[in-house]
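Two complexes follow with subunit A in common, the first pairing it with subunit B and the second with subunit C.
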Partner chain A sequence: MSDRAFVAWQKLALGCAILEPGSSAKLKTGDWKSLAPKLDEEKCIKCGKCFTYCPEFCYSEDKNGFFRADLSYCKGCGICANECPTEAISMGKEEK
Partner chain B sequence: MLRDVDLSGYQKITGKNVPRESMVASGHRACQGCVEVLAMGMVTRAVGKDCIVCNATGCMEIITSSFPQTAWKTPWIHVAFENAGAVASGIEAALTAMTRKGKRKGPLPTVLAFAGDGATADIGLQALSGALERGHKFIYVCLDNEAYMNTGVQRSSSTPFGATTTTSPAGKKSIGQSTRKKNLPAICAAHDIPYVATCSPAYHLDLMNKVRKAMAVDGPAYLHIYSVCPTGWGCKPEIGISLAKLAVETNVFPLYEVIGGRYNITKKVAKPKPVLDYLKVQRRFRHLAESDVAGIQKQVDDSWAYLNALAAAFPAPKEKGGAKEEE
Partner chain C sequence: MGKRVGIEVSLAVAEAVKLCDVDVVSAYPITPQTHIVEELSHYVANGDLDAAFIPVESEHSAMSAAVGSSATGARTYTATSAQGLALMHEIMFIAPSMRLPIVMTIANRSLSGPISIWNDHSDIMAERDTGWIQIFCENGQESFDLTICAFRIAEDKRVLLPVGVNMDGFILTHMIEPIEFMDKAEVKAFLPDYKPQLTLNPKKPVSMGPVGVPEVYMEAKKQYEQALWDSKDVVKEVLAAWGKHTGRKYAMVECNGKKKAKTVFVTMGSLGETAMTAVDNLIAAKQDVGQVRLRLWRPFPKEEMKKALKDAAKVVVIDRALSPGGVCGPVATEIKSLFYGDKNAPKIYNIVAGLGGRDVSVKDFEEMYALAKGGKIKDDYVIWGVKSNA
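Entry: the complex of A and B
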């Protein structure tokens, strides 16, 4: 295997330890999804249930207090839309 | 045996001071709608940065550590199916020894062991039992998705009665899994450890507070977390959390804690829903006839009555304020 490979053996740490924490974020799992969550800001009460129950940990709070999904990681499971108490989140086709 | 447990170091989480940072990064490879990884994230949110994670083979090991990447933001070690308990106790013993010899200073990090139900109930039971018996200070978290999901849904001893899996298939002469679910929290409580609890990710504050209590006790703690698996159970990915809630509301998976042998039912359901509501949304139970459902309802009622009898006989002292779930 050449030293330009995805994982060149010359560059491996001792014991094949992975030294960079949280490096899985390099893989954008967002292209797994067929439906994406969309937030209706008028209905949103900023309760944060979508943030609490997102299995991808891709929700974060923006400066206005709304919780927004990072669509580059969202797998489109729909838990946020299902758990939203005011039905402010709907699942639909992703807008490019 | 009853014993008094010192919970003075317990730092309670309320709706206002919920820790937000999960030690599991985005980009992990879990299936769509996996509640198991969510539950694991909630545990690490409550524990915080200062921890060492020891992960038995299973879904959670595979999806977080596809080489050369890792989803973990804390020190993490993968161990075999058998020995999550043994390795976690080794880590704790090593840290204690290094502190004693003056090679490290400061408080000990929390030692966490994550394992699935197969790695806890079947393969790793003796390592777990040994670690609990030796009394190491660590938290063992069993993420119970009721079968061996990462290898393709084979039955474990934690699979409930009547569920179809690839090694207990339902058919003309088979009902699916023919034995009842092993009562692991009871086995762990029988080791006389200070803290045992069952948690559900649908009640996140309850879950995180149980983690905090497990951190506060001096000695081993065992947490049994109900983890919905849409792939293995055949349910829609979006209903993961509502299914976890339904399991508590139908008394299929009651939430309670055992503090030094004293029982505290943390979520009392006033009017339990029929167990049929829980069964009918999962494809693994779709072959069940009405008489089978009635049998399962009786099993659930019996276990609930047994738990209530235990809680009445050995009640836990009332906590100040009480860890109430915010709706």
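Entry: the complex of A and C
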């Protein structure tokens, strides 16, 4: 079998259906991004707009009330940075 | 033997769908399919058919709704023609990929333009590679019979693919023919209840039709293409079972006329009956001629077709659709490739005839025969009867 394929065609579920709920969490789409959001805590007013607008639902609130992006799912679209009312989010190279 | 009734073929097809006790009909009216779905909407409105009739706003929606309802496990039917089928195009690929056994009647009509409501096969030929099982009917009785067979083929768990039942627009849909009907119990004895393998059910969650990333797309495609090839055996079984059940026997490829004839016509759809009369006349005039009628277009019955043509010296393939700029018409392309590299290949002529509702008569077939016999057809294909100044 080709190493470019996940699974042999005979092993695919009928009609390529996905039988396991929530399995999309296994697909770390974060490696698609070229730029990652970075939060400036000085400017952040904890409004949660980034959390609301993120199309990947990768923002969640931490114990200090800041909203943090889970970079393993963030595709780097920059919507959060664009929507942030105080320009507290900037898009830049991911720090590893 | 059931009751024989003189009836418009469209209404007979609607009756067949009713007898199959469908759960959902989603359709948009278009000439020449209209009478079928109009009749079905009457049945639903009058309470004669316990089904949901979804009067959608377009054919794109008709096929989308059919996909959705079939995904819930409902026995689903729709019908269309020409521009309507074209509007369904992108969803046509989705149904087989999701393995949904929708049955659709295609009242074959030419695609505009120029604007035409009349018959040819250009609508279905544009959908050739969508992955549907594609059946062609020759007359009214076949349209009734094969509609019922289509549900059993589609829903067989070895298949689970949509089936398109093609019947020539007007030539069949609007013709009044004597049709032998069946009662509900007889149909029920032939067509088991649909037992879906996967359904949209909150108690057992499943995602249908997800994205196929490059690492999975080709395997998904291969899965349903294999199912399409495997469906050939099921088609054969179902047609045999139908023959046993009703006495009306059909095959994927049928021969007519002289055995081992030197010159053989290949036809698909209602032209088969016209050709049959011509073949009878020619045989009466001591000509060595036969005919092969192709009933199953997809999956293409390769072995059966090759066997049917193995003794022919000359084959005249009639196409009712033009493949502009192509080597020849779609049916002839298949048959030529079937014989590629074969030392004993017959001479294969292609005649594109009857486009946009142009009549093709018995006399036309007799003339085609004379030209083929005399070896007078030189071009890859001939557009039959096109008026020219040259």
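Just so we're on the same page, the second predicted complex is superposed on the first by the 76 of 96 C-alpha atoms of A that agree within 3 Å, B and C clash if a C-alpha of one lies under 4 Å from a C-alpha of the other, contacts with A are read in each partner's own complex, and residues count from 1 in each chain.
Here is the rule we go by: a residue touches a chain if its C-beta (ideal position, glycine included) is under 8 Å from a C-beta of that chain, and two chains touch if they have at least 3 such contacts.
Treat the numbers as computed from the prediction; the structure is a model and nothing was measured.
Undergrad: Who contacts more of subunit A, subunit B or subunit C?
TA: Partner with more touched residues of subunit A: B.
Undergrad: Would you check which partner chain A:57 touches, where first means subunit B only, second means subunit C only, and both and neither mean what they say?
TA: The first partner, subunit B, only.
Undergrad: So, does A:76 touch the first partner subunit B, the second partner subunit C, both, or neither?
TA: Touch partner of A:76: subunit B, not subunit C.
Undergrad: Identify the partner contact of A:14: answer first if only subunit B is touched, second if only subunit C is, both if each is, neither if none is.
TA: A:14 sits against subunit C, while subunit B stays out of touch.
Undergrad: Which partner does A:29 contact after superposing on A: first (subunit B), second (subunit C), both, neither?
TA: first
Undergrad: Mind sorting out which residues of subunit A both subunit B and subunit C touch, each in its own complex?
TA: Residues 6-7, 12, 16, 18, 21, which sit in both footprints.
Undergrad: Within their complex, state which residues of subunit C touch subunit A.
TA: So the residues of subunit C touching subunit A come out as 97-100, 160, 197-198, 205-210, 212, 214-216, 218-220, 222-224, 226.
Undergrad: What does subunit B use to touch subunit A in their complex?
TA: 18, 20, 22, 24-30, 32-35, 37-38, 41, 64-74, 201, 204, 230, 236-242
Undergrad: Under the stated contact criterion, what part of subunit A meets subunit B in this complex?
TA: It is residues 6-7, 12, 16, 18, 20-29, 32-33, 51-58, 70, 73, 75-79, 81-83, 91 of subunit A that touch subunit B.
Undergrad: Report the residues of subunit A in contact with subunit C in the complex, numbered from low to high.
TA: That would be residues 4-10, 12-19, 21 of subunit A.
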